[in-house]
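Here come two complexes built around subunit A, the first alongside subunit B, the second alongside subunit C.
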Partner chain A sequence: MRIFQQSFKFLALTVLVFLSTTIYAQSSHEDGGQIDTREEVDAYISHHLQDSHDFTFFSYTSDEGERKHAGFPLPMILWSSDGLVTFMSSEFHHNDDGHVIVEKNGLKFAKIHSKIYELEAGATAVNFDAEHHATNGARVLDFSITKSVVGILVIGLLMFFWFVRLAKQYKTKKIPTGFGRVLEPLVLYVRDEIARPNIGEKHYRKFTGYLLTVFFFIWLLNMVGLTPLGFNVTGQIAVTACLAIFTLIIYAVSGNKDFWMHILWMPGVPILIRPILAVIELVGTFIIKPFSLLVRLFANITAGHTVIMALIAIMFVMKDTLGVAGATGLSFILSVLIMFIEVLVAFLQAYIFTMLSALFIGMAVAEHDHEHDHKVVDAEDVRSDFV
Partner chain B sequence: METLLNDFSPGLFAVQTVLLLLLIFLMVKFAWKPIISSLTEREEGIQGALDAAEKARREMANLQADNQKLLQEARLERETMIKEARELKTKMIAEAEAEAQVQANKMIIQAQAAIESEKKAAMAELKSQVAGLSLEIAEKVVRKELSNKDKQLELVESMLGEATLN
Partner chain C sequence: MVTYNLIGAGLIVIGAGFGLGQIGGKAMEGIARQPEAAGKIQTAMIIVAALLEGLAFGALILGK
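This part shows the complex of A and B:
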């Protein structure tokens, strides 16, 4: 019940986030120069929440009025109508509204809000409709090493490095030293508090590896999302969807006969109701469960990033009403407080995702005692059981 | 929802799927399996050590109880032995006393008997000697007395006189 309540809360939050996204997505704003107005702040936040094809640490405007970006370009790998096309993201010159056209293999590409469009043959510039959608271009499959992919790679390597070192320590000593001493209780925590109680003593071993990987993956990516490096990996719907689908595949593949029986042909229920229950159960198992997983993580991280950036923006937006010191102070205090909450949320969401994955897997592999199954339960019996 | 779908990047999804699969595979093979097996091994080791310690403690307690029991038994045995020895001692003393008494009595009786018989013998001897002596004296006296007639007559007279008096 609590889970449903939570899901509902997160769903409501997501809807709110989407509503606000649609408002600021309309204001086309080139990323450059000072950000002072509310609309500019909204555009900046929406720009940050999206994946980026460059790795930019910070940007500034030089004395000559030229926009400078400190960072490095990342490789673009596109699957166009003419096959694979690769080039460096620096060729777009940090342009994100479709004004810079890159020509490769006789094809023209434009980048609009971090999405790559391939222009129709003969077109030389992107045409926009009233809602600022490109009319003469189509999105291409974008396998680029984006900022999120860099984040995934870095965190993956970091995890691999840390835990392989921890694994090696056990070869020479019983108790790890140094950083391994920090990691060991976390591993034990995931195993003993998440995997074991939710999956059950008999089956948990098989799934502990997946749960550990997902837990540390989400947690560490949530944490780097809070650093000024500006990663937003777990706020990418593609990433959370991928994680949720992994969990779905695992519990669908490892589901035992009882699990499928309770979905497709619920025992102990009148025959006529069984098909209706089957539809509900199928929707619940294959759509609602993974959707709740992916939306919860995505919405929480997106909301966190939005709130932090909005609170930082108080500094600029309320400069006139509160004065420089007042606006800065207010912004500082609020964003520090929210940062503490976000550090908690970073852990909490990793925990919830892992815990729910374990729970769903546990439901799929649970072994029922067959005594109460497969007989038509009389309503009177049920009542007498309760009384 | 439209924004949600619009923001969904199939390319990123594909890259993430490949990387996550790779990460899960590598982590399970090189990190989680050895870590979990080492942890399980360690836990089992600790459990084993605790069990062994508990067992040793119990054995120690058993041993101590046994020792106590043995000591108690030894003490009891010693006491019975001492008691028995004491009883034996008194019994022996009593027996020896009784024996001694009996022996002494016997000796006394024997001695008395011997004394009696000696006395009797001595008396008999004495009697016989006295009788012999008296006979000798009497002989001598008679011999002497009867050497003259008168004196013989005189004696007869006195003896006759005495005999009538008796």
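This part shows the complex of A and C:
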């Protein structure tokens, strides 16, 4: 009975969370009419997919007709032509098209589509060319604590506390308590179903730490991306590229002699083919494998976010055809259903990234038994093994 | 120019859909023939599907 009550509570809470997303979107339409057309929806979605310098929960238009943003600013850390410059992102007043110029240390900065430009000396406003590129400014190195960085830091800290607590519990108790009970089966799953079969009994322990980290990092950030907080961390190509490069470094560094032999001078094929194969293998190992890892995660998460936001946007785009209630109902049902699929995708992408990383590492550390040049296998020999 | 990109994207999706159908169908067949190997077949299926998906997404992004 208690389990029933608890699961009912959980279900009610989940529905409430989904409802709050749609209701929020609905209200923002009613009091400002800010999103009505397809172009505005497109702009809104592409704005969400980008990283941002402020943490905004929601925006609304006040009674005086002023745009208000509920959220908090984040620190900007820039490396300009004059060294390090820091200030809070609130100085841009949520402006994203270069109209607000911030002056610091005698340098002028403008923010255009989440990119920071340093204006040339003497310039007072940003000049744009025909393609809307700034002509009198140069990009600066941006080390700001952006929204994605906040997400990464929060998840990193949470993972640190959860896993340290889990590890400590094994010293005093037989079984973990609290949230550790959720983590333990996942840890065992990654170790026994991903690391051990793909890397091999002999080497898997060394790489389990990396695989666990990358699995929980991707999974938790994917899940955070589905909440109304509006994170899109694993949908940033820089983040996925970084993760793929980690995997590349690990399998390139831990690769044994056989691994490099099979890349550079493939045994068992005619001498003239070997250089051609070396080129193919080098491209495959250093470009295609990491590229496929990074693109898969990035594209899956981006596609998921786009679909969810497009389905939520149905209520604005179709309100004239279906009526407000009909459009909202349709959008609500579709977005809840796609949410369930996205929860599955969040886990699946973390699993696939970890799985393929384990597979690539396994290829690099595999020990060969040198059967290439021994003997030609006779069909009769094979048959005798079975009969 | 945009139209060609869209036709290419459509072709990619058709190809990837066909491939995923093949993978899924054959895996089902394999599991039906040998239910005790379901776990292994599933793992292999997911890996191949992921590789295919990576290719399709790569083509979509490069073609954008």
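Throughout what follows, the second predicted complex is superposed on the first by the 339 of 387 C-alpha atoms of A that agree within 3 Å, B and C clash if a C-alpha of one lies under 4 Å from a C-alpha of the other, contacts with A are read in each partner's own complex, and residues count from 1 in each chain.
Note that a residue touches a chain if its C-beta (ideal position, glycine included) is under 8 Å from a C-beta of that chain, and two chains touch if they have at least 3 such contacts.
This is a predicted model, so every value here is computed, not measured.
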Fit or clash - subunit C, subunit B, common subunit A: fit
First, second, both or neither for A:L277, with subunit B first and subunit C second: neither
Touched partner set for A:L107, first subunit B, second subunit C, both or neither: neither
Dominant toucher of subunit A (residue count), subunit B or subunit C: B
Which of subunit B and subunit C A:L334 touches, first, second, both or neither: neither
Partner chain in contact with A:N300 - subunit B first, subunit C second, else both or neither: second
First (subunit B), second (subunit C), both or neither touched by A:T213: first
Subunit B versus subunit C as contact partner of A:D51, first or second or both or neither: first
Partner chain(s) touched by A:T146 [first = subunit B, second = subunit C, both, neither]: first
Minimal inter-chain CA distance - subunit C and subunit B, angstrom: 6
Where subunit A meets both subunit C and subunit B, residue numbers: none
Of all residues in subunit A, those that touch subunit C in their complex: 193, 197, 291-293, 295-296, 299-300, 348, 351-352, 355-356, 359
Subunit A - residues contacting subunit B, complex: 18, 21-22, 25, 50-51, 79, 115, 141-146, 148-149, 152-153, 156, 159-160, 163-164, 166-167, 170-171, 174, 184, 187-188, 191, 205, 208-210, 212-213, 217, 236-239, 241-243, 245-246
Residues of subunit B that touch subunit A when the two form their complex: 1, 3-4, 7-17, 19-20, 22-24, 26-28, 30-36, 38-39, 42, 45
In the complex, subunit C residues that touch subunit A: 43, 46-47, 50-51, 53-55, 57-58, 60-61
